[in-house]
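Both complexes shown next keep chain A, but they swap its partner, so chain B is in the first and chain C is in the second.
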Partner chain A sequence: MNLTIDVTNIDGVTNVVLAGEVDAFTAPKLKETILPLTREEEVVQVDFSDVNYMDSTGLGVFISALKSTKEHNSSMRLVHMQDRVYRLFKITGLTEIMNIDSTVQGGM
Partner chain B sequence: MEPFDFVEVKVPAKAEYIGVVRLSISGIANRMGFSYEDIEDLKVAISEAITNAVKHAYKETGEGEITIGFGVYQDRLEVMVADHGGSFNLGEIKEDIGPYQQDDNIEELREGGFGLFLIDALMDKVEINSKYGVIVLMTKYLHETGVGQNGDQITTPQ
Partner chain C sequence: MSTLKLDLENYKELLQEYIKTRDEQALYQAEQFSKHSMQQNISPEEIINVHIQSLQEIYPDMPEYIQSSMNFLLETMISYGLAYQEFQTLREKQLELKSEISVAANMQKTLLSTVKPHIDDIDVGALSVPAKQMNGDYHHFVHDEKGGLGIAVADVIGKGVPAALCMSMIKYSMDSFAELRTDPSVILGSLNRVVERNVDASMFITMFYGLYNSIEHTFTYASAGHEPGYYYHKDRDEFEEIDVPGLVLGVSPEITYTQYEKKVEKGDMIILLTDGVTECRQGERFIEQEEVLHVIKQYSHLPAQGIVDQVYKHFERLQDFQLRDDFTLIILRRNV
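After this line comes the complex of A and B, so read on.
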């Protein structure tokens, strides 16, 4: 019931690899990591392969991050999302405004 | 009266215990025979309600307890989340409960963005009692027959 956040930079793409659960307990740490990246980096990629739980607190973090990319002319893409997590983005309509690649794990 | 088992869990109003309650509901729902998908829905819904209660408790005093009650019925699971430490009187709570209204004192759920929306989307029935603190009562049915009786419809355009 924790979240590990691993940030690497390969060929100008900042890759944020998440593993664990995103909820009200872990979301603040995620926000503290991702928001500065959207200000400082051009492309931020978030790897969801090992995110097995997320709720609205996580959605809130990525909405803030998306706003920040618009303000700082950077971009963010969310990749390798599991079905259950993708579903939350879908029913809240966020798949319409976020760059989400769920093809690897299979979206709905 | 319809027979049911009642399980009560009390946790400190701190975010680090939300995951603990997720494990509790996962265990209860699994025992009842809910599908994997339904169990995941229940985990998100209960987390949303507890996140709200934690924020509320924090704003008030920065401490306190949250009480969670599980009503285990033959055909459904009722989940109650109260933003205070008192025990439930199920009958009393149900007397004062109703569908949530626009003017209900549940601003945290709204401010939180998608919290209440997700609870509504993932559960079959959601009711709120805000007479003493805020109590969210949500129901999920074991079979398709109970679904949609409250008319909640979430369209997911392709």
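After this line comes the complex of A and C, so read on.
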């Protein structure tokens, strides 16, 4: 399984649309895309509608992105997560410190 | 040089025979010749050189242009020869690395080894299986004279060597505050500061820490974003998720952890695990938590170690089963 990353800019919001699986193989590519955005853009939104699997390596990417937004005064918002992915953010306590759209999409 | 000379004779005869008979047998011999040459580290251009010499000997009147074309071919093979040499070097290096990693893996095993405690009133079972050579999961038991049993279960994000190195750091920090019998919330708070200071931004650790008091039969615990464990109530024959809020270690230095306490009744079980257990897959299908609990129940007549072993065996037996992440399962049961 692969991951496609699509970056668009609508009304000053950078939207990163992900589709596929975020795991140890695809996480490096995701990191290379997202980290520079948190340095250059004010608001980065990541759309998870089509992410059906993510492992802890993926969480690592969003943790470093979060740290980077704090350093660069930008912000990150994660939207449209499927249940299984949301569960991962919930267990690890990250829902408390990240801006995650709470209207969770249906499961798999 | 004598063996190469011998091979040259051999090659010439084979070639001559093949040209005369077009016999498959000679082709097979040619294949053997190439295998043998590779074992002797003979490069492709050397083989062509042998070919040219053989041709010259078989056909002394070989036309000039064939001779030239052969020399031309020889030149074009030189890069392949270099690539072949590089391959040889890389293969040697790879073998070297492989043996170094296995030394490191053994060292890690020794460094992180923990002894499963034998306490009269509690039955303990523990199993940890790495997905790759080095284990990014960690579990540790600390048993004190006052009847306290500390249990740590942790998972480093990421796999392989970096995760393993990180785990060693955790182990040493824990050893350094082992003397003071500490509350789970204090232990997680201190580790969080250690990890936050020392580890790369994208690395983090999840940890569950529990303290079993074998005199009062209470279990005190706190979690740093770790995969929830389960509590089995013997009287109700029911599992309950041990759902504890808490942020993973290494993200935010100001975080504090809340600890909870539970009274443990006779026959009750505490089940601790890592996400390697819940992230098992059979082909494309995820194995659901309920299935893990179902298997635990199925073997609950066994001693705790028997249960954890059977759970792993159960999943291992599934067709297309793949262990994507390190698998750690610990079960504690109050016997008396």
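Note that the second predicted complex is superposed on the first by the 103 of 108 C-alpha atoms of A that agree within 3 Å, B and C clash if a C-alpha of one lies under 4 Å from a C-alpha of the other, contacts with A are read in each partner's own complex, and residues count from 1 in each chain.
Going forward, contacts are C-beta pairs under 8 Å (C-beta built on N, C-alpha and C of every residue); 3 or more make two chains touch, one makes a residue touch a chain.
A quick note: this is a predicted structure, and the numbers were derived from the prediction, not measured.
Novice: Putting chain B and chain C onto chain A via the overlay, clash or fit?
Specialist: By the criteria stated at the top, chain C and chain B clash after superposition.
Novice: Using the touch definition from the top, say if A:91 reaches chain B (first), chain C (second), both or neither.
Specialist: Once the two structures are laid over each other on A, A:91 reaches both partners.
Novice: A:55 contacts which: chain B (first), chain C (second), both, neither?
Specialist: both
Novice: Touching A:63 in the superposition: chain B (first), chain C (second), both, neither?
Specialist: Both chain B and chain C are touched by A:63.
Novice: Figure out whether A:101 sits in contact with chain B (first) or chain C (second), or with both, or with neither.
Specialist: In the superposed model, A:101 contacts neither chain B nor chain C.
Novice: Thinking of the overlay built on chain A, is A:31 touched by chain B (first), by chain C (second), by both, or by neither?
Specialist: second
Novice: Can you tell which stretch of chain C bumps into chain B once we superpose, 149-157, 185-193 or 257-265?
Specialist: Only one listed stretch clashes with chain B, namely 149-157.
Novice: What part of chain A is shared between its chain B contacts and its chain C contacts?
Specialist: In the superposed arrangement, which is not itself an observed complex, chain A uses residues 24, 55-57, 59-60, 63, 84, 91-92 for both chain B and chain C.
Novice: Along chain A, where are the residues that touch chain B in the complex?
Specialist: 1, 21, 23-25, 53, 55-57, 59-60, 63, 84, 88, 90-92, 108
Novice: Along chain C, where are the residues that touch chain A in the complex?
Specialist: Touch residues, chain C against chain A: 155, 157-159, 201-204, 206, 224-228, 245-248, 251-252, 275, 279, 286, 324-325.
Novice: Where on chain B does chain A make contact in their complex?
Specialist: 15-16, 18-20, 22-23, 37, 40, 43-44, 47-48, 50-51, 54-55, 112-115, 117-118, 121, 154, 156
Novice: Tell me, which parts of chain A touch chain C in their complex?
Specialist: Answer in residue numbers: 24, 31, 55-57, 59-61, 63-64, 66-68, 84, 91-94, 96-97.
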